[in-house]
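The following pair of complexes shares a single chain, chain A, combined with chain B in the former and chain C in the latter.
Up next, the complex of A and B:
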């Protein structure tokens, strides 16, 4: 208690120097909370979006299906029969058929995926009901990214060419009945969604599917030949990307914190050097060296308490504002492979704030302690003379 | 050891390492101090006064010989035990006052008690009493920077006395003060010496201080040159 009182008196007595240290440390504190909160928010949003728009509660894959190998698709399909058929009819799973195709926007050839989906499915948020629109052509929906990249608008007609199951080329015109806006680029980039029945028909793969998306009611069970992929497996990529980003962010935190801690370290070295007479006085008054070390350490680490206070003061309105309005993301971020929305809403969890507070306090205490170890080597008589060594 | 003896020094020597050799600051010192003494160590500069006070105050240690302070040999003391001894039994007064600048007068005095276990109420009572001894009751809330030199030294006296130690060591307490203040603080200490039977040992050059001493020990080149009791009027009365 005594040490705390003395620490704050000394700190506030030191004036500008203290406030410089405290300001730098408070910036580090707020930036860490801000950036971690942003990553957590991004992570949470990416996971929810991906789950809602793409992977549902897990997927059943054909054993040959490999999302990274477009050429596998030719052999990655099987009929929907027996149990899977029953489950699909119950709405617990919904079949998807995928095939490679080519389009020619503005006369340029572009390879895409043609994906068939049941217009009445309720498992993912794709606006598939739009595919119920009656048109002479095949109705199709695409995402905003795809629309921008291929310069296609709603209502446009588009020539699509594909190979059927025998490898013969076939061509059809599809009509874009709707352009949806979604953060998950893996349901958007380079793909066109059309009704499942139509795709099965035109490819000659009647009643076949490449994979199924499971809904919440689905219970994992053996459904040969289909292989169940858990949500955790399907979302692992996002986890990995966010983890990588966290490592990158860690480097930034480390640098920022180092600057602030260096300033405190410097102040501590100077304190021990300049205040030898005071140290001698403490010892003469009957303090042990350990108690004097504690006083100086607490004084240094009290910077962190002031920094947290100051950071809270200027940081919380800022962070609160960002939490409500979201952080606008530049378009270029989009290509990083994780679902990202135009605005990220940061999530500042109690755990994040507490762990950052602890990080700041503990690291400040450690750098405050090291310079004070010199006190234990100081002879009390020399200290009282205030001799500068 | 006789109960009335507070410090017993036998064949004390103190050597400091200097360059490759050693410098003998004190040698062959044998002295005994009784409780309640008001004694001065005098002698030319460099004769070893401060060195002797530091050893008695357990801030430094002897190179040779035996030193017992309030019944404890200082040789075997750990840092912690020495700190405890200083905390409870020894008060220090310095030439440069050594007050804590960030603390008020009250807090500076209270500091000595904070290291011991007292309740806030006990501390307050003791501090106000100490302030009364030195006549600074009205300045309790001032900072040292707002006080005169004489007032600072009175705060330092109150800080040394507030824990009612057996022994007070004062190194040149009047060296930075004018004549009036010098008399003032020595009289103050003399009064406390009488009232509380606290032992005072000074290191001093100051004639004004010497005037009040009961015993003057003259050091020369690190050895006791002369040790004499002064028969002041008060001492005569006591005899």
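Up next, the complex of A and C:
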């Protein structure tokens, strides 16, 4: 207790020097909490959006289906029969049929995916009910990215060309009945959604599907030839991206902490050098060298406690504000191929705050301890005389 | 007199008799096909903003075997294509690899042109896959042509319907239109500069145009054509691609 009292008295006595160190360390503390919270918020938002808009509670893929190989689509479809048909009728899974197609907006040839979905499905958040609109043309919905890229808007008509199951070219005019806004690019970029029945009919793939999206009521079971892909597998890319980002963030944390800790280290070296008389007095009064080292180490690490207090004082309102208003993301980030919303809302978990507090305290204690080891080598008599050793 | 005029008009409109469509197509085949041919050509792809030209030399035997070597530009020089009994291989000198183009890859554009590999590959006889019907005649420029309509009679054809304008005297195509199942016109092919070579009428310029996209299409210009030449058998083997 004496050590703590002495440490804080000395620290406060040092005045501006202490507050400079504490301020720098508090900035590092707040930045670490903020950046980690932002990554966690992004992660949570990306996972939730991808689940809600694209993958549901898992997917059943045709064995030939590979989302990264558009050429596989010709052979990646099978009839919806037996159990899958029953599950689809119960609304536990919803079938999706995918085919390659070409559009010609403003005379530019653009390859897209034509996707068929049940307009009455409730598993993902795509506004598929809009596909129930009665139009002379095929009703279609597209995402805002697709709309921007192809320069098309709601109400526009678009000629779509595709090949049927025999490879014969066919065309149809589709009407864009809705442009939806969603953060998940993989349901938006280069794709047009039309009613499943229409796509099945125009491609000659009656009652066939490429994959199924599972809802919350679906229980994994054997559904030959379909292969179940669980949520963890479907979301692995987002996890991998976030992990990579966290590694990158770790470097930034390291640099920030290093700057703050270097200042504490310098202060400690200076303290041990300038306060040799004080050290000699402590030893002369009966303190062991270890006790003196402890006093100086606590004094150094007390910077971190003050920094956490100061950081909490100025950081809390700031972080709270960012948590509520979100952090606006630049438009260019949208083209990175990752689910990212216009605003990221950071998430500060208790685990994150505690681990950051521990990181700051432990690292500050370590850098405070190293310079004080010199105390163990001091001769008390010389120290009392103030001889520089 | 009035009735005679109407009668003559009806005869003029409805009484025209055209030769059998199959016969016309057969005559076109006889004119255009040969045991083999060697030709040098330039392929100019007219894009929206610019055009690029590639020179090539092709040797073909019937419509099942063909070997093409690109001569220019430098980026394409040495690229070779071998079509053999419904299969297609491409050799690229930059990678020193032979790649077989198959499946969906055949549906891709040839070097960014308005032609797909599949367009080049379909070597079935028109009469085997289409029902041929002569629907009329039309004067195009200074030539009169039969209008021949081809409708698919098998399922696995790229174009459900084709319309061809065949020169009545020379039996060479003058124009061709390719349609989707829906009736939408997809591509137009113009055959120009018809010359008599070794007793055959042959179009020296062919312009392919994807009508749905902007640009002026892809133009083939034959700089030299020779029929019934001596072509060594090894040319139509995979081994010749790396030579």
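As a working rule, the second predicted complex is superposed on the first by the 389 of 389 C-alpha atoms of A that agree within 3 Å, B and C clash if a C-alpha of one lies under 4 Å from a C-alpha of the other, contacts with A are read in each partner's own complex, and residues count from 1 in each chain.
Here is the rule we go by: a contact is a pair of C-beta atoms (placed from the backbone, for glycine too) under 8 Å apart; a residue touches a chain by one contact, two chains touch by 3 or more.
Note that the structure is a prediction, hence the values are computed from the model and not measured.
Student: After the match on chain A, would you call chain B and chain C a fit or a clash?
Tutor: When both complexes are placed onto chain A, chain B and chain C end up side by side without any clash.
Student: After superposition on the shared chain, which partner residues are touched by A:287: those of chain B (first), chain C (second), both, or neither?
Tutor: first
Student: Name the contact category of A:74: first (chain B only), second (chain C only), both, or neither.
Tutor: second
Student: Now for A:122: first (chain B), second (chain C), both, or neither, which partner does it touch?
Tutor: In the superposed model, A:122 contacts neither chain B nor chain C.
Student: According to the stated criteria, A:168 is in contact with first (chain B), second (chain C), both, or neither; which is it?
Tutor: In the superposition, A:168 contacts chain C only.
Student: Can A:278 be said to touch chain B (first), chain C (second), both, or neither?
Tutor: first
Student: I'd like to know which partner A:107 touches here: chain B for first, chain C for second, both or neither.
Tutor: Second partner only.
Student: Is A:10 in contact with chain B, with chain C, with both, or with neither (first, second, both, neither)?
Tutor: A:10 contacts chain B only, not chain C.
Student: Please state, to the nearest 10 degrees, the angle that the Cα centres of chain B and chain C subtend at the Cα centre of chain A after superposition.
Tutor: 150
Student: Would you give the minimum C-alpha distance from chain B to chain C, in Å, for the three-chain superposition?
Tutor: It comes out at 75 Å between the closest C-alpha atoms.
Student: Give me the intersection of chain A's contacts with chain B and its contacts with chain C, in residue numbers.
Tutor: none
Student: Given the complex with chain A, which residues does chain B contribute to the contact?
Tutor: Against chain A, chain B makes touches at 54, 57, 59-60, 79-80, 83-88, 90, 92, 94, 96, 98, 100-103, 111-112, 114-115, 159.
Student: Quick one: in the complex, what on chain A touches chain C?
Tutor: 70-71, 74, 100, 102, 104, 106-109, 159, 161, 163-164, 166-172
Student: Along chain C, where are the residues that touch chain A in the complex?
Tutor: Interface residues on the chain C side: 48, 103-105, 107, 118, 152, 155-160, 180-182, 184, 186, 210, 212-215.
Student: Tell me, which parts of chain A touch chain B in their complex?
Tutor: Checking each residue of chain A against chain B gives 2, 6, 9-10, 13, 277-278, 280-281, 283-289, 291, 379-381, 384.
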